[in-house]
Amino acid sequence: MSILEVNNVNKNFGGLKALNNVNLQVEAGTVHAIIGPNGAGKSTLLNCFVGRLEPDTGSVTFDGESLLGIKPFQINQLGVSRVFQTPEIFGALTLIENVMIPAFAKRDGAFHMEPWRSVGSEAGLHEQAMEMLSDVGLDAKADELAGQLSRGDKRRLELAMCLVQDPKLLLLDEPTAGMSRGDTNNTIDLMKRIAQRGVTMVVIEHDMHVVFSLAEKISVLAQGTVIVEDVPEKIKGDPRVQDAYLGGAHL
Amino acid sequence: MLGLNRKDSGLFLLVICLTALAPFLLNPFPEGSELAQFNAGYPDLMQRFMIFGIFAIGFNILFGLTGYLSFGHAAFLGVGSYAGVWMMKLLTVNVVPAIIMSVIVAGLFSLVVGFISLRRSGIYFSILTLAFAQMSFALAYSVLTPITNGETGLQLSLNDPRILGISQTVDGSIPAANFFGIEMRDSLELAMGGWLFTFNAGYYLAAIVMLISFYIAIRIFRSPFGMMLRAVKSNQQRMSYTGLNTRPYALTAFVISGMYAGLAGGLMVAMDPLAGAERMYWTASGEVVLMTILGGAGTLLGPIIGASAIKYFENIFSKINDTVLHGWFSFMPDGLQDFVVAIIHPFIGKGWHLTLGLMFMLVVIFLPGGLMEGINRLRIWFGKRINGRQQAPDHAPATSS
Amino acid sequence: MSKFHISRRGLLKGSAVAGIGLAAPTIFTSKAWASFTNEPKGDSVTLGFNVPQSGVYADEGADQLRALRLAVEHLNGEGDSGMMSTFSSKALKGNGILGKKVEFVTGDTQTKTDAARASARSMIEKDGAVMITGGSSSGPAVAVQALCQEAGVIFMAGLTHANDTTGKDRRRNGFRHFFNSYMSGAALAPVLKNAYGADRNAYYLTADYNWGYTTEQAISEATEGVGWTTVNKVLTPLGAGDFSSYIAPVLQSGADVLVLVHYGGDMVNSLTNAVQFGLRDAQANGKNFEIVVPLYSRLMAKGAGANVKGIFGSTNWHWSLPDEGSKAFTRSFGTKYGVPPSQAAHTVYCQALLYADAVERSGSFNPCGVVEALEDFEFDGLGNGKTLYRAEDHQCFKDVLVVKGKENPDNEFDLLEIVENTPVDQVTYPHDHPQFAGGALGACNAGS
Amino acid sequence: MDAIILQILNGLDKGSAYALIALGLTLIFGTLGVVNFAHGALFMIGAFCAVTLNRLLSLSHEVVDETRTDFLGNPLRVDVPYVYEWFGPDVGATIIDWSVPLAILFAIPIMVLIGLAMERGLIKHFYKRPHADQILVTFGLAIVLQEIIKAFYGANPIPTPAPEAFVGSFDFGALIGFDPQTIMYPYWRLVYFSFAILIIGAVFAFLRYTTFGMVVRAGMADRETVGLLGINIDRRFTIMFAIAACVAGLAGVMYTPILSPNYNMGMNFLVLSFVVVVVGGMGSLPGAVAAGFLLGILESFASRAEVIDIIPGINQVIIYLVAIIVLLTRPRGLLGRKGVMEE
């Protein structure tokens, strides 16, 4: 059963066709990678899932509900979390606060106001957030300001922020970009653990090592169209994929 | 205490003590001495410390937490004042209904202004709030004169149709604003040696309201809701992708701070039943911004300190004239005395604006976190000196208190 | 040794007093320490000079302070005694007031009601002032007057011209020496009729606030009384800066007189604009187009430069008046400061003297006694001829000067020439005249 | 019809002042990313340059004139300006008469110096600080500048007339076929409008056709990239600040005959200029100019008696009302770019 269904999605920017009749099915509980050369429309596609962009035509449904025409926070409340290419975190807040905020959002909904309750009295959520931080190896820095973290740490923090919400679908936009080999491997391990919990993941990634260690299915996007969709073993040898990447290299 | 953690309880207790003892603390110099000029322990100014403290605390909930810089908050204070005076004209000179009405009316007005202005962010938001406030001022000053009494300001008169109360007292005066019989202008005076301390009923009412406001502000700061407001300031994008609707958070903060402004306006007319249009002018909105930043935006205590500092300057420095100056330096030979007075004169008395401007610049340049940063630095510095060799200096960042 | 006493500013009543009393039963005595607010106990008395020191009227405020300082000198018997020597009442002896040396505190009204009240309150509460005077506009004057009424001190209004100060906002503890909008209209109308004829069409540009409204009403009613027609009345925002968009349509309106109901910087700008747009050289309805400025001030006239030449207006007082009082005051002020006094300075000087005199005559600083002494007090020798402080509304009735901008000034202060000294009878009105209706003095308040 | 032309004409000179101040504001904002609350004060200082030059030229020594008396009855001491003695009374009088136009030359070096000093001494340290801090520190500076001027020149407006040659107005209506005396327009306002157009044109030409200007424009679009190219963009931005200060100052110099300057005039223009900049779109130069004229003209129309009769008070709030409507319908102002000042 597919949890995310994308049907005939088109998106134009001025004269440029960014997405051209994209179709995509993501099976529940799988890791689905989207790869493709630069400018193929990967991020545009992801933006159409989270309400940042509205496709010109086509449909995007998640768990039977359309994701079009609703706001990003509503999409998240349906169970879709996203990790950005450049980490989006609350730089002026501490790490533990960064993780507690999504936990609150999950528990209390999009808007909730009980100013008489204190953060200090939320032991349960605090514990949950600390666990999540130790999962990503940041528990030692829980009281530091997030803005002072290294880029790699920020990315792991963002991942923790998404995971604490226990999402049904996790969208990752190049989760290992700019990481060292060691960090990348740690992240792969982490994502494998997440996958084992049954979280569905859509990953955009350039690093083929990451893609082939994780993905159960791969869609190749080129010039706004899905040219191939298959299991990793088949993708590796597909001439169309190599074509697209070589063509892409010239761009 | 009261659901606060130890540090916040300590802070709250400190503020309670300071406000309770203010009549002593603010009058350190004996009456009649040269330095008595610097005493601030008289009812009007002490009330102002409290009232503008409330205004700045509320503004800080919006600006300090969410980062939305409103340039129109004086409008809510003004609207609250008008509502308060009308209550006193029409209903009763008991200040409680007037204050409640001020908060309600200011809250409703801020809901409307906030709903529209929060459609934009950054300086566009600031300009929208500025535009609303300036329109309120211009209309209150002119076209709305039947409601606001324009330039003169709305005040009580001898023939107000007061429903629960009397239009005038038996001896033909306007009844005084009171809190269930305690008149706001009543004071007890205590003379000790050369010192004179004034305990004013209005001040203590304002102080209690300020303490309640301060307590609520602490609770908001420490609540998940307060955390969300700081998240609004830090990264709205992340917030919405985290499943949080930023607009109602910002709007709630806006309305809360608008209600604080209304409360301040209501207290102002409770202490002194007159509402003038100038208190809605953009410089008045600018003043609360200055208070908050001067004290330290985003800190709990900062706004109160900033408000008190500015009001102290406005009321004490502006009253030092050159006769007073000559008095101070009368021990000097004539020529030197004139010279020293000539040097100092531009900065005090009618030049107090100049000192104020210089002070803003110095604080912003050297203490970006406002006066609170200065206080924290001093604390750390003293801490080091005291702890000295016994233990390693505490390098924990000076968290805002 | 400590001394404790109950507030001289009012007793806490009821339970509050009981509570505090129980806590410290011995430290309060029930002796009525003072019978009225800020009763002077030592050998000096403090007056509060509340003038604009910042904002657009700061120069007028500065001039008022000069005059008040001079008044204090004269009251204390220093200097040349100024108008004290010409004042018809001889109660003042030059030894302070009731033998107490006069001291003063100053404050900044900022020409804002709020700031003016805050400043006045601090003078009363902190410095123990028994009388507040000064100010250069009506809003703050009305506000401070109400405050003084509540606090139980005397308010001697400074420059305030709106009818409301002694009209609907009059107070028992407040007094106005300055003239008002109605008097301007009553004095100007006949002069304007003589100069420009009875068949005139007037266009009003009016500052959009209380003073503007009352003055516009006063002038239009008075000129309509001599046969003029009012073509249009347009409200202009305070501090508009450039009035060109208001002035440009005037010539097309069929009007042949423009009345600029502006004061201060607005008057300077609107008059300058009007002259720039050629209104003074224009012809309308076959007549020369004329401009009128109801309330003149020499300090303002200076700002407008040559544009004031030949333009009619009214003023409370001018230093070139030939009577002995005016001459004495101008000499005294001019010798000390090197410039002649403005009308703003003159009115507060008179007010200070009148207050001191009333205290002497009543024998006490008690405001209720002062009120009694001032009500229906007739005096002379303060520059405006025979003057009456009317009991019903606490307004001074005296001659009103109609002036016009001088064509060939002798010196930089010689900007206005006196056209007519309108006798007091012509500007007197019943205290319940419609322009002043709706107010009541109430009872005098002595505080505690 | 003649009424409409009249109100448009009347809107032009105020619009010119708005446009000139807003141009400088948006230039500073676009190049330096600084919100300069002291810009109104620069306009005011420009105006006082004219006052100062007038005073300097009129510097006099006293000659006792026994035939006349002063207000105390003493012999009158007449001030005779030195220029009268150096150039003769006629030429001397003409020089003083022309002090406002001459003040342009006088003001340029002063404004440039003030601009440089401000940028190097103060603004430079605030590039990376939050906008709120920039606003506060420049607001503080504005108060200080204002108070200094007040200490020297007092609070009352100081008349600074235009040269005799420009006094009076010309009959614009007769020129374009209306009845005489229907559309009168003072000469000096025509001068002011032309002057504003000239300055605006010069600034645009400078930015468009010089390499300096191109670098600055590129820097406005993307400061970091230009910095990476090895161009010392900071130096150029400093100069841009001086130019912006100069534009504001000259706007002030030429405005003095229209509005007798007082120390507070800058604050009055500042708020409106900010509204103008925002309505035009933060960082957009053409936007600032267009919005300046647009709001000037709208304000002029709103002050027609007929309009006020229909909507009382509209003349007081028109600018703010337009600002609200524009901002709600066009989020970034008329010609603003995305992402500027929205954080």
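Read from first to last, the chains carry the letters A, B, C and D; within each, the first residue is number 1.
As a working rule, a residue touches a chain if its C-beta (ideal position, glycine included) is under 8 Å from a C-beta of that chain, and two chains touch if they have at least 3 such contacts.
Remember, it's a predicted structure, so these values are computed and weren't measured experimentally.
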Query: From the centre of subunit B, which chain's CA centre is farthest?
result: A
Task: Compute per-chain Cα centres, compare each with the mean of all protein Cα atoms, and return the closest chain.
output: B
- prompt: Roughly how far is subunit A from subunit C, going centre to centre by Cα mean, in whole Å?
  reply: 74
Rounded Å distance between subunit B and subunit D, as computed from the means of their C-alpha atoms: 35
Task: Find the geometric centre of each of subunit A and subunit D from their Cα atoms only, then give the gap between the two centres in Å, rounded to an integer.
output: 52
- request: Could you list the positions in subunit A whose residues touch two or more of the other chains?
  value: none
Task: Would you mind listing the residues of subunit D that make contact with two or more other chains?
output: 312-313, 316
Query: Of all the residues in subunit B, which ones touch at least 2 other chains?
result: 138, 141-143, 353
Field: Chain pairs in mutual contact under the definition given at the outset
entry: A-B, B-C, B-D, C-D
Message: Touching residues of subunit B toward subunit D in the complex: what are they?
response: 63, 69, 116, 119-124, 127-128, 130-132, 134-135, 138-139, 141-144, 282-283, 286, 289-290, 293-294, 297, 346, 351, 353-354, 356-361, 364-365, 368
Sites on subunit D touched by subunit B in the complex: 35, 122, 125, 129, 131-133, 135-137, 139-144, 146-148, 151, 267, 271, 274-275, 278, 282, 312-313, 316-317, 320-321, 323-324, 327-328, 331-333, 341-343
Query: Where on subunit B is subunit A touching in the complex?
result: 3-5, 216, 219-220, 222-228, 230-231, 233-235, 237-246, 248-249, 252
- request: Could you pull out which subunit A residues touch subunit B in their complex?
  value: 50, 71-73, 76-77, 81-82, 84, 88-93, 97, 100-102, 104-106, 108-120, 122, 161, 165
Message: Touching residues of subunit B toward subunit C in the complex: what are they?
response: 39, 42-45, 48, 138, 141-143, 145, 149-153, 155-159, 168, 171-174, 176, 181-183, 185-193, 198, 201, 272, 274, 276, 278-279, 314-315, 318-319, 321, 323, 349-350, 352-353
